């Protein structure tokens, strides 16, 4: 059974490049990908996760308003009975905050993992493999030389 | 279904009434009143006249702040200290989203606190009189630059307000900018804008229109940009636009950029009616900039050199502070002067580079193929054809967020740094063209000893901001992310 | 009369003793002691090794301050923040004039007051140990850059101090730098320097030598620079130098600059003995800069683009603060990074420009003509030939202050911005070459509707600092002087 | 009888371009020119003016030390019996002094005219014509278009 990942850019953020590349990387790594694209509301993530019985939800945000866009997100997921690991990545805070602080903020919102904007898709994929106890051949996952 | 036909004067009047009722400042935006104002402007402020009669590329920055007095100060600075030939007024995001109430609040906040609560000039809120004060206060021609999918009220107010150039178009301000804008509706909206420009033109005030060439600004293959420019140009010409500036954004390979600008001009002149005066605009690199002003100046320098060889009619300059968002006026002026110095020094000498002709042939062939698909999809009607071609993916834009586009094609640089297609999606390219792209990318794959894949795309997107043109594996491995995955 | 013969070991020892007695720090400057120090350096500090094995142009700034600790800090900054590949140490003016006492006073003043009383690093005063501390404290290879006609003690101290590269030569550090230096004497002085480098080389420490290509830095026709580079290279090779970097300063016309760098390499390899490894260095524009950092970045950008096409082994970078003299370390590093960004992006793509071959042919023909005259004047001896050719003006440098040169030739740019000769003086060019130059300048005269005259020269000298390559009349009329003449 | 002009760069200044161009301009305008070149001492100016019976002496300085280099210059000229108009031009003071101040300084030292570094050779030549009451055709003097 394929492992299904829902991904999208939350809020009114229109940064499309990162999520497009992440979609391709996940696809190439053997995941079933549901890419909701940019400007995706919380409700759309919840609906897609329910409809596709998602194993993981990957949220992207690059315009600095992630915290307000994500407030209450995990309550909605829980209410809808979604049981998926949740990651978030991107420019999560405006300004020069240090990343440890940002990570703590988003972990307290309920995300399982928090990534900075320099993260290579490989890192997210490796994390998914571990968190979901997947057993695919490791070299299937090699995405950068 | 939308059709490529000129709006009737009744149709125009009906829309005009509705649009101008959307916000109180709309009422004053009448063509009759505006003509006299335009006629009172000196020739040095006639955008189309200045641009079309220039013998060397004119330089134009981007710039917009909330307050009128500060916008005047900013533009005066860019004219005097930046030596800008053409002036911009960049519109704020709320106005682009037609959120005039939020724009008003932002403007009020800015007036009270002196801190800029808007990222541009809320022209609809400033109204016709505010725009006229701006136009009167500066010396040069001035253009509205924005990114507004539904720019009808903005056009009504700013054209009545004395602006003689208006950026954007139904594809170029929809597909790259928004997720949910329906393309057919957006085309209808821009038919109003273009018809309004046509009405001004017919009454003796030639309004310059400028479709936005860079699109998503990220590795857009030239033929896609050119095809869209021509589609938007045809739509505008139908509505009576007679001064059209077709745009193209630098990809960073000089041969490809020069070839693209020449193809843009040649095909623009070929496809557009004779009564339209076609000019071209070159945008300095619109992708990610190095987070370093010194390196950013290197990127700007390559753009200036490209412009010196290709000689577009206009260059939109970047500033060394590009990576951090809106530049200071000093940095904006610096970008203009760095460009000017290199452009002038390079234009005074013959610089003919090899390989431009064959690249231009390829670009033209691809563009014709895309345009034919549009015409076929519309059974001869370019408006319907554009909608349907985007639906099927026969015409597509890489990294387009819009649901009106398939967004299925993916670009990558070849071994020489030229932008090719790695994944064609459903683009209307014949097999021979596809084989050329694949062969070029295969050569890169050999050089890099890896297979052609989306990894190249990912590496290419960041390459210039990392100091390189092509995202080679050794370069991309430089940037390691910080995360808690390990 | 001076002859191009290798100094005997007795001859060397005699001069060595006298030179090292000139100043107390000379005593410690012995080759025997130095070899062990050099042998202890890692390969990453071996100047010749790093330069000769590089696959892409290496970047090097100019930089020198009085105090050792501050020089270490400056070079470390340029390595880390400027990403310099090769490091410089620029020597102060007093040391260049052999005024070591004044240099000591300046150094003491600087130590006391923290204000820099010297315009460079007084290496002779810092002595062998000071130099070694410097060499040990930085990561990269490091070169002595100066402008010293009699650089014998400077060479003895710095080579013993661990430097492995030494700029200058008897013509290039005499003719453009000083009025009264007798050329024959200067050649003898540099025979000592070169022989010292030869001795190190023979003992396993390859010292890199770099004649100063830009000469007067003002519209020097390429063939004159290349001929002098080859004469200095031959003189150095006779003394045992095996690593030679021949230099050339940008004139601003890309075709001519690329052609000149290729001619420099080709003729260098042809004329110099096989056992000499010839590399080339390109100096970014050495003439007057625009009094504006933004425009200066445009000039630097054109240099970087030229380097990307010509691919010299090394590029000496300029900073955006060039017009105001010694740059801050930040500006110096910025010049390096602007160059790096444009150079890298341009080198990743094929950029072949038309017309380089024919310009290179002309440059090579002119250079051969000048070199033949030197050999004839010296009856086969290049040292005597150089002295006599400068006396007769068969070899000459425009704007040379030296009484050893005729200083009778005058350059001007042609209609394409290439540097030609307006007045040949007594240069050893045949009539056909002269006709080519005259015809090119005549074409410019027609374009400008004025006669070919020294006015072109005057206008050209200021053109780049005024934002142009060629000093056209309309441009030159921009700058009106302030005086009481009217 | 030709009008003789002695020119040179005073002190240890080695800026050669300006004086070279000025030499050519004077020559083209019909003057007899004695160019002493760069790094010229006061005594050399005086000797040349005496030897060539100079009508005018043009002193150039671009390195900022003109005032000290020229102190006493006019006393030496007077002692040697030189009767010539004297001009000075260039970057005559270090830093951002205003030119009126600089002009006053050098006029008080004895110079008849003071020029800034942007001065076109034509201006100096026109001034010479006036000061020496020369009658050459005006268009002989046109040196810039």
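Letters are used for the chains, namely A, B, C and D, taken in the order the chains are written, and counting of residues starts over at 1 for each.
Basically, a residue touches a chain if its C-beta (ideal position, glycine included) is under 8 Å from a C-beta of that chain, and two chains touch if they have at least 3 such contacts.
In UniProt terms, the chains line up like this: A, D = Glutamate mutase sigma subunit; B, C = Glutamate mutase epsilon subunit.
What you see is a predicted model, and the numbers here were worked out from it, not measured in a lab.
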Inter-centroid spacing, chain B versus chain A (mean Cα positions, whole Å): 32
Chain A and chain C, separation of their C-alpha mean positions in angstrom: 57
Category of the chain touch graph - line, ring, star, complete, other: line
Inter-chain touch pairs (all): A-B, B-C, C-D
Chain C contact footprint on chain B (complex, rising order): 252-255, 290, 292-302, 304-305, 333-346, 348-355, 416-418, 464, 467-470
Residue ranges of chain C touching chain D (in the complex, touch as defined): 177-180, 216, 218, 399-401, 403, 407, 410, 448-450, 453-455, 457-458, 461, 473, 476-477, 479-486
Partner chain C, residues of chain D touching it in the complex: 14, 16-17, 20-21, 24-25, 28, 37-39, 89, 99, 103, 113-121, 123-124, 126-127, 143-145
